[in-house]
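The following pair of complexes shares a single chain, chain A, combined with chain B in the former and chain C in the latter.
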Partner chain A sequence: MKTEKLTQWQFVIMISISVLGTEIFNIAAFPAQFAGQDAWISVLIAPITSFWCIAVCTALARRYPDMTIIEYSRSILGSWVSTLVEAYYLCFLFVYATVISKALADLIAMISHQLTPHAIILLMLLAVCGTAAWCGIGVIGRCGEIIFPIMIVIATMILLISIRDWNVTYLQPVAEKGLPSILRGASVPSGWLGETVLIAFLIPFLNQPGQARKASYYSTLIITVFMLKTVLICTLAEGPLVTKFPFPYAALIRYISLGDMLERLDPVFFPIWVSVGFIKLATFLFVACLCVSRISRVKNQRTITLPVVLLVFAGTTGIMKDAPGMDAILQFYVYTFPVASFVAANAIPTVLLVVDWTYSRRRALHEA
Partner chain B sequence: MKRRNTAAAAVIACLLMMTGCWDRKEVKDLAIVTASGLDLNKDGTLTQSVQIVIPTPMQSSGSSSDAKSFFVIAAEGKTLADSRQRLQEKIHLKLYYSHRRVIIIGERMARHGLESVFDSFHREMDMRMRNMVFVAKGAAAESLLNYPVALEAIPADQFKNLHKQPAGRATTIMNFDATAATEGIEPTMGAFEVIQKQASGPSASSTGAEPHIKLYGVGVFKELKLLGFFNDEETRAMNWATKNMAGSFLTVYVPQGNGNVSVQILKSKHGFHPLVKGNRITMGVSVQSECELIENGTKLDFSEPANVKLLNALLSSQLTQSIAATVKKSQRLYKADVFGFGRSVHAAYPSEWKRLSAAWANVYPEVEVTVRAKTSVIGTGYVKLPLHRKETKGDVE
Partner chain C sequence: MRFRKHLFHGMVSGPDPDVTGIPLEPNISKNERMLKSVFEACSDVVIHSASTPGQIDMLAIYIAGLPDTKHLDELIFNQFASRSRDLDKPDGMERAVQASFIPVSMTKKVAFLSEAVDSILRGDVVFLFDGVDYGHAVSVQGTERRAIEEPASEPVIRGPREGFVECLQINTGLLRVRLRSASLKIETLSIGTLSQTEIAIAYIKDIAKDELLHDVRHRLRRIRIDGVLESGYIEELITDTPYSPFPQIQNTERPDVVIGSLLEGKVAVITDGSPIALVLPMTFWTGLQASEDYYERSITATPIRWLRILFTSVSLFLPSLYVSLVSYDHPALPTSLLLSIASSQRMSPFPAIIETLLMEITFEALREAGLRLPKGVGSAVTIVGGIVIGQAAVQAGFISAPVVIVVATTGIASFIIPRYNFGLAFRLLRFPLLLLAGFMGFFGLMIGIIGILIHLASLRSFGTPYLYPLAPLSMDGLKDVFIRKAWFGMNLRPRTAAEQNGLRIPPGQRPDSGDRGD
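Here is the complex of A and B:
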């Protein structure tokens, strides 16, 4: 099937949004749990995993152009060992899509639709995102192009309006708890940055695959700046309360006021973040479908979109029924998430690259 | 195919028209709450009272009738939510809390502790962290809400605006909680009192005669329990030491001129300079301000540098004394670090703070505080000398 190609700009936006979409609301809470007021240092350390992932994945993509990670893992490891890798990515994408849709549905339910049953919110959410995933990568890219500039404007406005509520003493003393807790604090944001592994699936859709590395580095930069900004304004305005809100950024948006005249700005500011979340979910659903189609060697990706979306729906309603509400997701973010992302974004691609490099060296020596 | 497209378009058009109206609440179905009051009853339950605005069309100011622009209802309950449910039983419109601005806490409730009631303010969606919190000194919060207010369309705004003065402290719930959660500082909350003064004179029925609300100062809290109050003078002294003051007045008696002089503060800077040596903690409090002479009740000519120098010294020592007295009160009487000395020690000596933090409540009264206030008069207003005075040289002494 011939699909549309992404421009570099669309690619940058898509990767940035795929990380920021759900992250932005609770990013400030996690590093602060461990690093306290030094959460912003944690956020500056976190992108290391992302840079590592990008370097490795783009190196692999250069060796195997026009292939996703599923296909070149097959030709590097052979189909038997590769099955493990494929299964891992399948689970990874499925679980992440589930968590994203759960987090988004919870957020929508909490901020605006308290009375609507979760299943209906979820159904509508997945209907929209599933349609976008069915239509293909070009549609998601163009949606991103529209929403991303609005997101930047809104984020800047929130930054400016919150200035009067800043209290610099909340950042003192700097680096109090030492390096170990700062690194521990960096683990959760690095888990989110590990989602940049989506590039291993999306590079073949880029119209200039040679520029993938540069574009991905730009996305990481955008993500880091956004994270830093969010963590800083949340810490400055909320101080030690940051760790006590499930969504510190949402709490901040509800708190800010413009000169005592304009308060309660959240109905204006929340929808844009929710729509960013939509794009993130659509991207994940698209990549999940891509992964399934490549594993099962189905030519037309659209045939499996509906089953995948239904599976995600079933998973979201089923998985987190036992542990109610946000708690299950918060547990997931702190414990499972950093490790799972590290394996998907760093461990597996690095192993693939090392194996491929050794084989090609040996082959080169053999021929010489 | 064409028929199918038309049908699809019709379905979408119908769906679009159905959006948004499902759970609608019209304004006429809402009772908009602008302020809440919390009081503790003797049997341990709490009373919540809510001030509800009566929406009236804009009137010309000439025809001010006696009709109040608000009314207050109250209900008891075991928790805040419980009392809200009982409140709702008393009014047929849906109580709408999203536009509340002010929460007032009765003194008994505040002394009992706010831990249990504050939780509800964070959890619920229609609760706003920007609500201002105040404590009612020696009165029930419900009575405070009931006092009439002149010249204010939204009655709750008076509480907020009164406390924006230099002698007040307008604290949002977010600020109060963040301060309470920070190590080495105790929160304060603006306080109101009720003046029962009977006006003597012909205009006994004017607003001055009735009991009314007056800013008192701040309530001092420790572990979310009210310990006591600072009056307006002490609150001003505390604000001198902890934030940038502008617009406040200082009045000092000048013995050399046998009269009082008032100055207006143009800007001020404040700073804490902690010094930890073993178990001995000294805290330097420095305040620097620039002010302008606005009232001269003495014979002195303040265009003379010598007189300005004299005034500067008098102002500085008065300011130093009042800040030192307030610090002493917080150390001796309340043992509550409302100035945030502990936080500045924490920032400057993070390693020492690990040792000090646990027992800071006991350490704080022992902290040696030295106050250095420095005021400099930089202007004399529009005139040099009082205009009515004949110009003579050598007015000093």
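Here is the complex of A and C:
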């Protein structure tokens, strides 16, 4: 089977959506916990990790074209040491896929299906996303191309409708708590931006791999603009309350209304936002399958899709069972998430690049 | 299993007696015997023996009803008789025969029995003469044909009124009349072991992509079937994903639509005996375009396209949206509207999902009943159905009034889709969405929509992604999707066409831009 390639625009959308998909709902809560009204400054600092990750991953991709991070880690570190790296990425992708499906299912359950068993919601969610992952990267990319413009329209509408609920005094005073707390506030968003490490898996699927760096920077820009917009309107409309909601953006969408005619817009807007989450989950499932197939050297990725999806399903129903509701996810986001993302997105690729660079230097000197 | 295998084996070769490779003999009675054995028990095959004025035995073999008898009589009696004086000379016979066939536009020599049989079956008259080891197949076809009429399935206000008919030659002629260029190529092949249906592949050289042509030829040649009665057979045998509600090959009755598509680098497949031509590749958006979009002013054609897209989605979503709003997500409705819906819903004994399903199914049944019945009865069905469903069901309190409004709007919306088979997909998909919305509300509807989207994104029609030019995005292609740019603005052909001939309309032709001679 000929693998489908992504166009640059699809790549940009896919990376943006796979960060924004779940982030957008609770992004505003975390930086505000540390930085208060200066959350927007934190959001502007956060993309540093993403830029770092992109620079390193695209440099590696240039040295090893047509290879995913699994394969070039093998040829750089040797198969023994590389096992650790592969295991880490495998766990990383599995945990993230379960967390994403858990977050989506919780959001849906919280908003409209309080009484439906989670397993049913999850099953439908994974059935659809698993199908997309099975169909392949080209299909996910094309779905993203259709959904992304709708997402932009909805986001703009929410922005415009919420204007009358803004209170500018909620932003004052600027930088009250000082730089350390702003940096602390940037940690969680940087965790999300670390998800751009997906490019290390997806660059080989790009039809012009040379443009990967530019495309990824554009995605980071789109993500940052969206984050900034979300954090700003959440802070402007909710003020100090922003830290009290697990999903501040969802709370905002619930709050806004269009005159007396449409008092509640959330049943219309949520599903559309959730559909962005679907694409994110599908992308992660695809990359998880890709990772498994590359590690186990299975040629046809489709054979792996069903087991991987079932595993994610089992993981999601089993994960965080003891902790009630959203608390477990929120704790994961604050404590585990930034570190895990940093290791995956920055630490490991940088080590790989440094090792590779040293080896190639030594080899060059040896030959000279 | 063995039995089935045996069946498959018989299908491929076909039960026709194998006559390939047997040459015609100079002895006319031998030929007659061979032909009689081939056409055993075919009472419609006429084997007419006569002698020429020079006392040479001849046979005229044809199928009763296919050749034009008047023309045939004239040919045999007038032409032959008047040239009988040449027959005394050596090889005069041959010259006489050839000269007498000059008034006939299509004649060919047949040297083999199989060729003769083929020509006879195609409606030609085969003449055999004693002492000559070949025959003449003369085409004097004169079966009654339907006249060229306005296509019933694609009527237009503005645009040509001609539609295809059942005869392949007339259809290809209709194409050639509109495209008087040698670049319009029409290749033919015959498909069907028994029906031997002629299939024409029409394309414009250097505008249609070579890969596409290879693909089409390859898929057509692969077909093994006993008979092709309609282009639908071909469509189902060459389509990319047969188990999809969405058609991936466009069909049309209009020669102008075919030519328009050929100019965009597409390929048409025309089947003899069917007035429906296939055009491929097809994208999702061509299903929402009518030929008139290109004939009316672009500024009015564009909003009509928006209307179509809007109502196509209405026809797909409205019932499920209603069900999910009424049974799960009522907060989204304005309070006054919610109250009025609730008050009318209180009367009916069923939940919204059951009501809507019942009404939708009844509506579809009515539609189907009206379609298949004779015209006089059809209108009676519609009237009775309309009154029963619309009026009585509500008054009796079985069904709430908003459901009737929703179903009626959906019905009207589904008529706006210009291509019938494309509309069928939406008619079908409405029901699973309805069920999903009934079970899970907006979330279920969303799952369904995403599922449809994934399906659409995974479809391809002869290599072209189904959602092109929106996904994959092509800015140039978007000039002809949500808007219809004026002709002077559509400078390039779509990406489906070959690249070397990309320019379609040279730029700078906007009427108010250049000099107007004053």
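The working rule: the second predicted complex is superposed on the first by the 365 of 368 C-alpha atoms of A that agree within 3 Å, B and C clash if a C-alpha of one lies under 4 Å from a C-alpha of the other, contacts with A are read in each partner's own complex, and residues count from 1 in each chain.
Note that a residue touches a chain if its C-beta (ideal position, glycine included) is under 8 Å from a C-beta of that chain, and two chains touch if they have at least 3 such contacts.
Given the structure is predicted, the values throughout are model-derived calculations rather than measurements.
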Partner chain(s) touched by A:His118 [first = chain B, second = chain C, both, neither]: neither
Partner chain in contact with A:Ile146 - chain B first, chain C second, else both or neither: second
Touching partner for A:Arg63 - first (chain B), second (chain C), both, neither: neither
Which of chain B and chain C A:Arg302 touches, first, second, both or neither: neither
Contacts of A:Arg264 with chain B and chain C, given as first, second, both or neither: both
Contacts of A:Lys229 with chain B and chain C, given as first, second, both or neither: neither
Between chain B and chain C, more extensive residue contact with chain A: C
Touching both chain B and chain C, residues of chain A: 263-264
Touching residues (chain side chain A, partner chain B) in the complex: 110-111, 114-115, 165, 167, 169-170, 172-173, 176, 237-241, 244, 251, 254-255, 257, 263-264
Residues of chain C that touch chain A when the two form their complex: 325, 328-329, 331-332, 334-335, 440-447, 449-451, 453-454, 457-458, 465, 467, 470-473
Contact footprint of chain A on chain B as seen in their complex: 23, 98-99, 122, 125, 128-130, 172, 174, 177-178, 181-182, 340, 343, 346-348, 350
Chain C contact footprint on chain A (complex, rising order): 7, 9-10, 108, 112-113, 116, 121, 124-125, 128, 131-132, 135-136, 138-143, 145-147, 260-268, 270-272, 274-275, 278
